[in-house]
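Structures given as C-alpha cells follow.
One chain, chain A, links the two complexes that follow: it is found with chain B in the first and with chain C in the second.
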Partner chain A sequence: MKKHLNTMFVTTQGTYLHKEGETVQIKVENEIKGYIPVHTIGGIVCFGRVSMSPPLMGFCAENDVAVTFLSEYGRFLASVRGPVSGNVLLRRTQYRMADSKTDSASLARFFIMGKISNCRRVLDRVLRDHGEKIASEELSSASVRLKSSLDSLRQTSDLDSLRGIEGESAKNYFSVFDHLILSRKDEFKFNGRSRRPPLDKVNCLISFIYTLLLHDVRSALETVGLDPAVGFLHRDRPGRPGLALDMMEEFRPYFADRLALSLINLSQIKPSGFKTTESGAVLMDDETRKALLVAYQKRKQEEIYHPFIDEKITLGLVFHIQAMLLARFMRGDIDAYPPFIWK
Partner chain B sequence: MYDESSLIPISGLQHVLFCPRQCALIHVEQQWEENRFTAEGRVLHERVDSGDSSDKGKIKITYSLQIHSLSLGLSGIADVVEFHPSSEDKNSFIPFPVEYKRGKPKKDLTDKVQLCAQAMCLEEMLCVSVPAGALFYGQPRRREDVVFDEYLRNETRKAAESFHRLVDSGITPQPVYEKKKCDSCSFLEKCMPLVIGKKRSALKWLEKAVFEGGENFEEAS
Partner chain C sequence: MFVLITYDVSLEDYGGQRRLRRVAKACKDYGQRVQYSVFECIIDPAQWVKLRQRLFSEIDPEKDSLRFYFLGSNWERRVEHLGAKPGIDQEGPLIF
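Here is the complex of A and B:
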C-alpha cells in the first residue's frame, strides 16, 4: 500500500503493448522500445491510436492495474475491467445507499463539503500569498460567499437543495478564477467554465487534468471494491462513472485547478501550445500534453500531510486512502466520510 | 454438518485466531495484501510443492493434497502428508500431516490448530485416526511433533465455528489497536486501527476541519 504506483501514459501513436512474462513490452512500429515490470505500475492510460494485447489486458485486470483508453485529446473511450472482485457485500451496501434518498444526501453532502472547503482554501491561499497584486476584494468576497454556502450545507438534507448549493458555489468560485492567473493574463484568459468543448486554453488545460484525475479516482474506487458507476451526488446515467465523479469533487480545486494554475503561472506551458479550431474549441498540441502528463505525475509524487489519518503520504496515494475511507464509512466503521480537506 | 458450498479455507483459522478483524478483511471483504512475509511464505510453499523425494524408506510422502471436512466446514490443501506404515497392519498406512512454517515456533496454538484441522480432515475423508503430525519451522530449521489430543481438537472446533460465524455475519469487527500485534500485521495500512473505530468521530473531525479549521487558516494568513 505504501508503495506508490505510477501511471504509465502512452502517447506515441502506433504503440503496441503486450505481455512478456511479468512485464509490459512496448513496441513502436515493430521496434521494441522497452519493458516495464507490471508490479511497478498502478495504471496504464493509452491516448489515441495505442493498442494492447488481450493477454496483457487480462493480466492488468488481475493485478489491479487500471487500463483506460482515451482519445488523443483526452476524451474517455473505454476502460478494461476484469472479473468483478469478491466484494459483493460492499457493493450491495453501496447500491442500497444509492437507492435511499437520505443516505445519498448524506454522502453527497460530504463530497460537497470537501469541494467547497477546498475551493475556499484555494482562494484564501492566493489571497494570502499574492493579496497585494490581485483583485483581492473580489476574491475575499467570493471566499465569504463560499463560507456561507458551507454554512447552509449544514441545514440542508435534501438532495436537490444540496445540488443547488453545489452549483451556486461552483459558479461563485469560477467567477473569480480568472484572478488566480497571475502571469501572461491576456494569453491565458479564463472566460467561465466551458467543457464540451473547452473554449479557451485554461478550460482546455483544466478539462484534460480532470480526465486524468478521473482515471485515478476511478481505479482507486475499483481497487477497494466499490462500483465507480453508482454515485450519490451524480445519479446513474449509462456510461457515466457517478461515484468517481462524486469523489473527484474534493480533488478538483486542490489537486487539478492548482496544477493548471501553477503550469500557467510558472510558465511551464506555452500559449503557443494550443490551437483553436474552426468551431472555437481549443486543443493542445503533443508537446503541451506531454509536459502536462509529466507535471501531473510529478505532482502525485509530492508528499503532503493527510489531516484525517494524521500521516505524511504522497499525493498519489490520497485517492486510495479516500476510497478506503469511503468503503469504511459504507461498512459502518466510521460515522462520516471524511473528504480530503486541504490544510 | 456443512454442505460443500459453505466450506471455508483452513488457512483462515490462523487469521481468526490472530485477529477477527484481519480475518474479516481477508475472508469477508476479500482484501489481500501481499507483503514480504506472505511472499516469502509462498516461495517456501513452492519449494515444498516441488519436493523430490516421494519415497523415504517405507514412508510414502504426498504433496499438495486437497482435503476437506464437512463437520468442521473447512477445505484446503495439506502441503505434505506422510503415510507411515501401521505397526499393527502391514498393509495400512497412518497419515501424518507436516506443515511448513516460515519463522520461529509460535507460543500460541495457531499453527497447531491449523495442523489439527488438516488431521481432522484426513480422518473424515480416509476413515482412519490421525493421532499426530509435525510442524516444520524454517528459522531455525526445526521439526516439532504435535499430538492431536482432545484439548487441541476442541480448540480447533471452536476456531472453525467462530470463523464460520464471522463469515456468515458479513460484518467486519471494529479494530482494537494492540501495538505489538498490529505493527506486525500485514493489514495495518488497510485496517487503520488508529483512525477507524467508534472511539474517534469522523463527523466531529470534519466539522472542525471545515468550520473551525477554516478560521484558523485565515488567522494564520
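Here is the complex of A and C:
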C-alpha cells in the first residue's frame, strides 16, 4: 500500500527551493536551511513569497509530489501539474460520467451522504460528551433535521434537488456550530459561515484548514489517475478543482471542523493570534499558522480503523483510500462508492 | 524502515576525494546528514536496494568501508541526540 508521506510547508518569506541531486534544497537569503529527499515527501505547500526552480517543479511532477502555491494567508494561487499521466481510460470514464446527469447525481449523492452523516456524528459526539453544559436541545434538533435530510437524500435523484438538500443541511449544521465551541466563547464566536474573506476567527481557521485539505485531496485524486478538475456535484469552472471539492465534502466535518474545534477548545491557539483588517477580514499571524500546520500534520498521523477496507490506517492515508475506491467504482469493480463515514 | 549509514573513504590515493563526494551525494539523495560521514535514511525496501547498489558501485572495496545499521520502524526509542546540530525530524511536521 502507498505509504503516508510527509508534506512540507514553507512559510518563511523569501525562501527559494531548488533541486540538488534528488533532494529539495531550502535556501533563505543564500543560507541553506536543509535538504529533504524528494522520496520522503508527498507534497510541498508554499505560502506567500516562496519561489521554486522549474527543474524542481519538473522533478516533483515526475515523482508524484503535489506542489501548491498559496498566498501568505492561505488563499489558493496555483498548483504545479506535470505531464498528463495515469490511466486515460479511467479519465474518459470520469468525463462520460460527468456528462451524464444520472451518473453525476448518483455520485453527488454519495458525497453528500458522507458529508451529512459526518456532520451529524460531529454534533452527536459533542452531545454525548458535553451534553449537560451546552444548549443540547438545539443541537439534538439540528441532528434530527440532518437525519431527515439524509432520508430525503435517498429518494432524490435530481442533481439540483440534491444540491438543495446539501445547502439546507449545511445551513442547519452551521447554525448550531457556535455551540460546539466550549471554551473562551466570547473570544471565539462563530457568526455563521463566512469566507472570502472570513469575518471571524473561527471562520478564518476553518477556511485555512479547508485549503490544506483541498491540497491533500487533490493530490490523492491525481495519484490514482483521476482528473481533479472534473466534478459531479461541483460543475466545471476554469481553475476550480471540482472533483477535489466533491470528495472534500465528506472530510470537512470530521477532519477540518473538528480540528478547528479542538484547537480552540483545548487552548492550542490564542485569541491574540488573529488580527482584523480594515475590511473586516480576519487573518492569523505566523505563530498561529504554524501551530495550525503542526496540528494538521499530527492529526494526519493519527491511526483510525477504515470500515470498508477493514484495516487500521493513518488518517492521512484516508484521502488516498477514498480516491482509490472512487476510481474502482468508476471502473466498475465495485457497485457503489462508499463515502468515508466516521464511526 | 530506518537505516543509519556511516562510511570511511580513504583519501590516500588519487580519486579518494571523488569517491567520498559521490558516496556523500548518494546518501544525501535518500536521507539526512546528521554528522560528517553519518546519514539517517527513512527509506522503503525498493529504494534501499537502489541506494545500496549505488553505494557499492561508488566505493573501492579494497580501501573504503561502509556500515549500515538497521534500526527498524521503532527507531525513535533507539536514537538519542546530545549537543549541537540537532537533526530534522523527517516524519514530524516539516515547516520551514
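The rule is short, and it goes like this: the second predicted complex is superposed on the first by the 340 of 343 C-alpha atoms of A that agree within 3 Å, B and C clash if a C-alpha of one lies under 4 Å from a C-alpha of the other, contacts with A are read in each partner's own complex, and residues count from 1 in each chain.
Following the convention adopted for this analysis, a contact is a pair of C-beta atoms (placed from the backbone, for glycine too) under 8 Å apart; a residue touches a chain by one contact, two chains touch by 3 or more.
This is a predicted model, so every value here is computed, not measured.
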Once the shared chain is lined up, is A:M324 touching chain B (first), chain C (second), both, or neither of them?
first
Per the contact definition in the header, classify A:P37: touching chain B only (first), chain C only (second), both, or neither.
second
For A:M8, is the partner it touches chain B (first), chain C (second), both, or none of the two (neither)?
second
Between chain B and chain C, whom does A:D335 touch in the aligned arrangement: first, second, both, or neither?
first
Would you sort A:I264 into first (chain B), second (chain C), both or neither based on which partner it touches?
neither
Residue contacts on chain A - larger count, chain B or chain C
B
For A:P307 in the superposed arrangement: first (chain B), second (chain C), both or neither?
first
Check the residue A:L205 against both partner chains and state whether it touches chain B (first), chain C (second), both, or neither.
neither
Tell me the contact category for A:I112 with respect to chain B and chain C: first, second, both or neither.
neither
Quick one: in the complex, what on chain B touches chain A?
28-31, 33, 170-172, 174, 189-190, 192, 194-198, 200-203, 205-206, 209-211, 213-214, 217-218, 221
Using the touch definition from the top, list the residues of chain C that touch chain A in their complex.
25, 28-33, 41-44, 47, 88, 90-96
For chain A, which residues are in contact with chain C within the complex?
3, 6-12, 15, 20-23, 26, 28, 33-37, 39-41, 290, 293-294, 297-298, 301
In the complex of these two chains, what residues of chain A are touching chain B?
1-2, 85-87, 89-90, 110, 113, 117, 120-121, 124, 127-128, 147, 150, 225, 307-310, 324-325, 328-329, 331-339, 341, 343
